[in-house]
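Read through the structures below before going on.
Okay, so chain A shows up in both of these, paired with chain B first and chain C after.
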Partner chain A sequence: MTGFKPVYRKELYSFFASPTFYVVALIFLVIAGYFYFSAVSYYSILSFQGMQNPMWARQLNPTEMVLRPFFMDISVIMLLICPLLTMRVLAEEKKNNTSELLFTYPLTDSGVLLGKFFATLSVLFIIILGTLPSLVYFGTLTTIHWPIVAAGYLGLFLLGAAFVSLGILASSLTENQIIAAVLAFGALLLFWVIGWSKAFAGPQLAGFVSYISIINHFENFAKGVIDIRDVVYYVVFATFFLFLTLRFLESQRWRG
Partner chain B sequence: MEGKKKIFHSRTVKHGSSSVLKTVIFAAILVFVILIVQNHPWRVDLTESKDFTLTDQTRNILKSIKIPVTIKAFYQEATRDKIKAQDLLDTYKYYCPKLKIEFIDPDRHPEIAKQYDVKSYGTVVVETAGKKQTITVLNEENLTNALMKLIQNKKKVIYFVTGHGEPSINDFDKNGYSMVRRELEKENYKVKTLDLLHTASIPKDASVVVINGPRKALLKPEIDTLRKYVDSGGKLVVMLDPFHDGGLKKFLKDYGIGIRNDIVIDKLSRVFGGSYLMPVITKYSTHKITQNFNVATFFPESRSLTKVEKTRPEIKVMLIALTSSGAWAETDIKTLKEKNTASFDPNQDQRGPVCLVMMSEISPPNKEKEQKGKNGKTEKKSTGNDDASKKKGELVAFGDSDFANNTYFGLSGNGDFFLNVINYLAQEENLITIQRPTKKGQPLVLTSLQSRLVFLIPIVLVPLLVIFCGLVVFRVRRKQK
Partner chain C sequence: MIEVESITKRYGSLVAIKDVSFSVEKGEIVGFLGPNGAGKTTTLKIITCYMPPTEGTVKVDGIDCLENSLEVRKRLGYLPESVPLYREMTVKRFLKFAAESKGVNGKKKEKEIDRVMDTCGLSEVKNRIIGHLSKGYRQRVGIAQALINDPPILIFDEPTIGLDPSQIIEIRQLIKDLGEEKTIILSSHILPEVSQVCQKVIIINRGKVIATETPANLTSQLQKTTRIILRVKSDSEPVDSIIEKLKGIPGVMNITREHQEDSLVIETDQTKDLRPVISRTVVENNWDLLEIKLHDFSLEDIFLELVTKEEEAA
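What follows is the complex of A and B.
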């Protein structure tokens, strides 16, 4: 596993040095901020109306009204920005012809790959953490139950890991970053919407389809439940696509 | 050249096949891991009030489920209610993977909705081999009870008292009760007749005893048997037609229900195509029996019931069904019979709304114990069969018996209403009460400064910080160059 640390550091450095990171972070945070703002405003409007109807007001609570929809919204934006972060990871090396150099260093392939994977994941998570200040402020306005927030961020982290692994695989397939981004986005979207076919898939297939769906496993985290099955799904998902990437990188050597 | 190509080719095949093999093996290991975890689920509920954790009672019942059970939930797509239902059913599924959960949109599949007689959104049908239970309000208490009823194998017995000219449950004629029998058997009950003269006490397996419109008076020993039964927690239904009190006037009075020699006249039923003598009920009091029940019921030729003010302290009387205020209880039977006319006499007749169905609860001497369960939830369980002295006796009186006979059972909501009463009486003792702490609402009212900050922090301040960092990095990089 030699090579993890230097690659990780180098990747982080190049992320923070590139304008892409700042643009992506900016767009992500503005959209996420907007969702947050609209969720809190809606909550406030409903509370105002709820004052006339005490029965109804009982249903108002920050977890259901703000946190859960907010985490679901963030997962959607992540789907859009993840390919933009992962597209350059391996495609750029290929384009600049540095990949041969990189893989002939005395570093293991897996070390290099994991370094790149975790660097991208860290960057993604740093961007996501940019939403934390608004939640902290929200916590001063009403009482929120912080473990639920922690579960939400854990879910986002795992979802991010799955997104990034698939994005890196896409990036390893081509030297064109645009193609890498489109491939990653298409594949992720497919994994997202496949769960919707549950309604018309046969009874046997329905279980499989809803298991495969990448977003179905996130809902538990968003509502404050950590289920080992969901955690394992994301870990297995990420591991599998990283493994495929590794095989693909390896094949480049003997395919000549 | 040829040789070189061959070597190259064989190398590709070798590496390629080993790569494919590795991938397949790796995928197999991952699938194995997934299967293990799927079969041994484990989870933590981080919510404050443990919204996604079931009570111990429910979990115990789920553990005892050995047969496949399907839960069909009829909800519109993408509604808040559906999400709530999904959360609850997912939680059940987590504790009991055997459950099969299906969501059906009744608008998209009206045929399935019709098959299960679904009348409103949010109906949930719990089904297992040939048996089903329907609930209209989905929560842990109702769903757990429905599951419990399903997995119970013992059939409950409903006794119909005979020997006083009551319509027979085996009579297929228009005045018979064979329809009641058939419908009760469909609901998984056993229906038997009971001759009170030949038994010293009501059989132990009786869930409900029904006296449907006796023509002759019951004898004193028979009434004593009934009294003993109700006082020790029995469930009794008494249906009395006008002019035939079955000798039960005093008996009913002791339980807070008064009857008079009258007949109810209701002009409203004319609107529905009935006669003046067929009062119609369109509104019901708020009671579990009539929860979510809003179909009109018709009571052909019925007598009024009144609340007796002075009763024993342990008796609680409730009015279940009342006519409109336009109806009244006519006492001038002679004029009615001879001249076929009736008019309201404020001195004699009781003004509407007239009560046609009444219920009396006879509390046991000492109160049920409440236990504090785990997770801070209050769990209360009614005592079982063996502890008969602590059961609550219940008596439902109808001012009519014709409404449920073969002629009128299928009319409007008559049949359902009768079945509701029987279901309520028969299953009360097994019900589990699950009280979740009621969630306090947390309304959020923002001042103008606060709502401005809600906007400014995420949409302006944080993005500005990102831009600032970007500019700093950009400058540093330029200097380095």
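What follows is the complex of A and C.
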């Protein structure tokens, strides 16, 4: 495992030294802010109407009407920005030949890979946490259940881990960052939409496609439900793709 | 210190190096010489555990590169050919990463970084971003990272390529100084560099080692004849008749004319120095002697001879 700490620190430094991080964070927060604004605006309009109509007032639920859509919206933006964060992780090292330094230092491959994985995940989560102040503000306007918010962020973290692991695999396949980003985005989108085919997949396959779908497991978190099966899904997903990446790095070495 | 035993590397169907064996003793500076594409970089990448050989074994300090690559890597400092560096980092931050990667931590880390920056003359640029540095400075950063943690073996792949002449001299001097305590492998396709810096030369061509010798030994081995360059002038005699007369001297094997009319290359028996006899002949015949000198083989001649011989054989 030697290599985790130096590589983790180096990757964080590189992220914060590159303009990509700031542009991605800015765009993410602007879009997330827009979604937050529209969810809260809708909620406040309905609240006014609820004052006149007690029947509607019963349906006014900040978790259902703001938190859940907000977390679902963030997951969509994550799908767009994750490939942009992961594309450089291994492709850039190969392109600049710095992999030659990295893999001749006394570091294990798994240490290097995990350092890179957790650094990218940390960066992603730092960006995501940029949305927390808006929820804190919302909390001053109405009563929200903070454990639900915590579950939502845990879900985003796990979903992020899955996204990042697949993105890093894509980045290990090529030295071209654009290709890495496109591959990652395509693969993630496929894992996202595969759940939609449940309707026509046939009885046996339906269960499978909805289980394999990357976003189906997130819906519980967005509602504030932490189901251990969903946690296991994301952990296994990330571990599997990191393992594939590790194997791939090794085979690249043998081929020279 | 380094034992390379019959390694072969294939990239698909392309054979990059074939059955390469050599060994490097402790404290030697070894020059790894060959034309572009001869397999120098491939061999160095295998020694540094960057990639495994298709066949054969490499041992550093008795440790196998494949079985215990981390231990081998701890003993090596490597400067790859393209001098890859993290360009977005400052010099100091990059060296910090190198130090942490090589397991130097705590108080020792700062000291070690200061030491290598001193050795390589980087102190004044330590807070600058590597991408903004000149090529010469970047080369020094590359050497500095190799020196961190004081590895006993240093491997430099074309360390002076792309530098201006004064920088080349500086880097060579630096390598020479380092060579007093360390084992160094230095690859190059520039011959004077190797003859100046190295105690041993390994010549590689088309993926095969074709000679392993000291520069001096190489010269004497290949020099089967001694060449004397003679420039004479005579108003009365044509050059052909001069050549005829010189051929009469015992020990002279062959005489050829150089591009200049009056310049002759006399190949003689290696064991004897025929200059006194030749000069006497010149005087006796009343020719005007303009120049007489022993022609030294340069490493260039030897290299060309070896490489062309090899190519003819193939």
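Operating definition for what follows: the second predicted complex is superposed on the first by the 256 of 256 C-alpha atoms of A that agree within 3 Å, B and C clash if a C-alpha of one lies under 4 Å from a C-alpha of the other, contacts with A are read in each partner's own complex, and residues count from 1 in each chain.
Here is the rule we use: a contact is a pair of C-beta atoms (placed from the backbone, for glycine too) under 8 Å apart; a residue touches a chain by one contact, two chains touch by 3 or more.
Please read all numbers here as calculations on a predicted model, not as lab measurements.
Trainee: Scan A:36 for contacts with chain B and chain C and give back first, second, both or neither.
Mentor: Touch partner of A:36: chain B, not chain C.
Trainee: Based on the superposed arrangement, let me know which partner A:255 touches: chain B (first), chain C (second), both, or neither?
Mentor: both
Trainee: For A:106, decide between first (touching chain B), second (touching chain C), both and neither.
Mentor: second
Trainee: Have a look at where A:17 lands relative to chain B and chain C in the superposition and call it first, second, both or neither.
Mentor: both
Trainee: So in the superposed three-chain picture, is A:200 touching just chain B, just chain C, both, or none of them (first/second/both/neither)?
Mentor: neither
Trainee: Have a look at where A:98 lands relative to chain B and chain C in the superposition and call it first, second, both or neither.
Mentor: second
Trainee: After lining up the shared chain so the two structures overlap, which partner does A:3 touch, if you call chain B first and chain C second: first, second, both or neither?
Mentor: A:3: touches chain C, not chain B.
Trainee: Quick one: chain B or chain C, who's touching more of chain A?
Mentor: B
Trainee: Which residues form the common part of the chain A surface touched by chain B and by chain C?
Mentor: 17, 254-256
Trainee: Touching residues of chain A toward chain C in the complex: what are they?
Mentor: That would be residues 2-3, 5-7, 9-10, 13-14, 17-18, 96-108, 253-256 of chain A.
Trainee: Can you check the complex and tell me which residues of chain C touch chain A?
Mentor: 9, 11-12, 16, 42, 45, 48-52, 70-71, 73-74, 76, 78, 80, 82, 84-89, 93, 97-98, 100-103, 145
Trainee: Quick check on the complex: what are the chain A residues that touch chain B?
Mentor: Residue list for chain A touching chain B: 16-17, 19, 21-22, 25-26, 29-30, 32-34, 36-37, 40-41, 43-44, 47-48, 50-51, 54, 57-63, 130-131, 133-134, 137-138, 141-143, 145, 147-148, 150-151, 220, 223-229, 232-233, 236, 239-240, 243-244, 247, 250-251, 254-256.
Trainee: Within their complex, state which residues of chain B touch chain A.
Mentor: Result: residues 8, 11-12, 15-16, 19, 22-23, 26-27, 30, 33-34, 37-38, 41-48, 51-52, 87, 94, 438-446, 450-451, 453-455, 457-459, 461-463, 466-467, 469-470, 473-474, 477 of chain B touch chain A.
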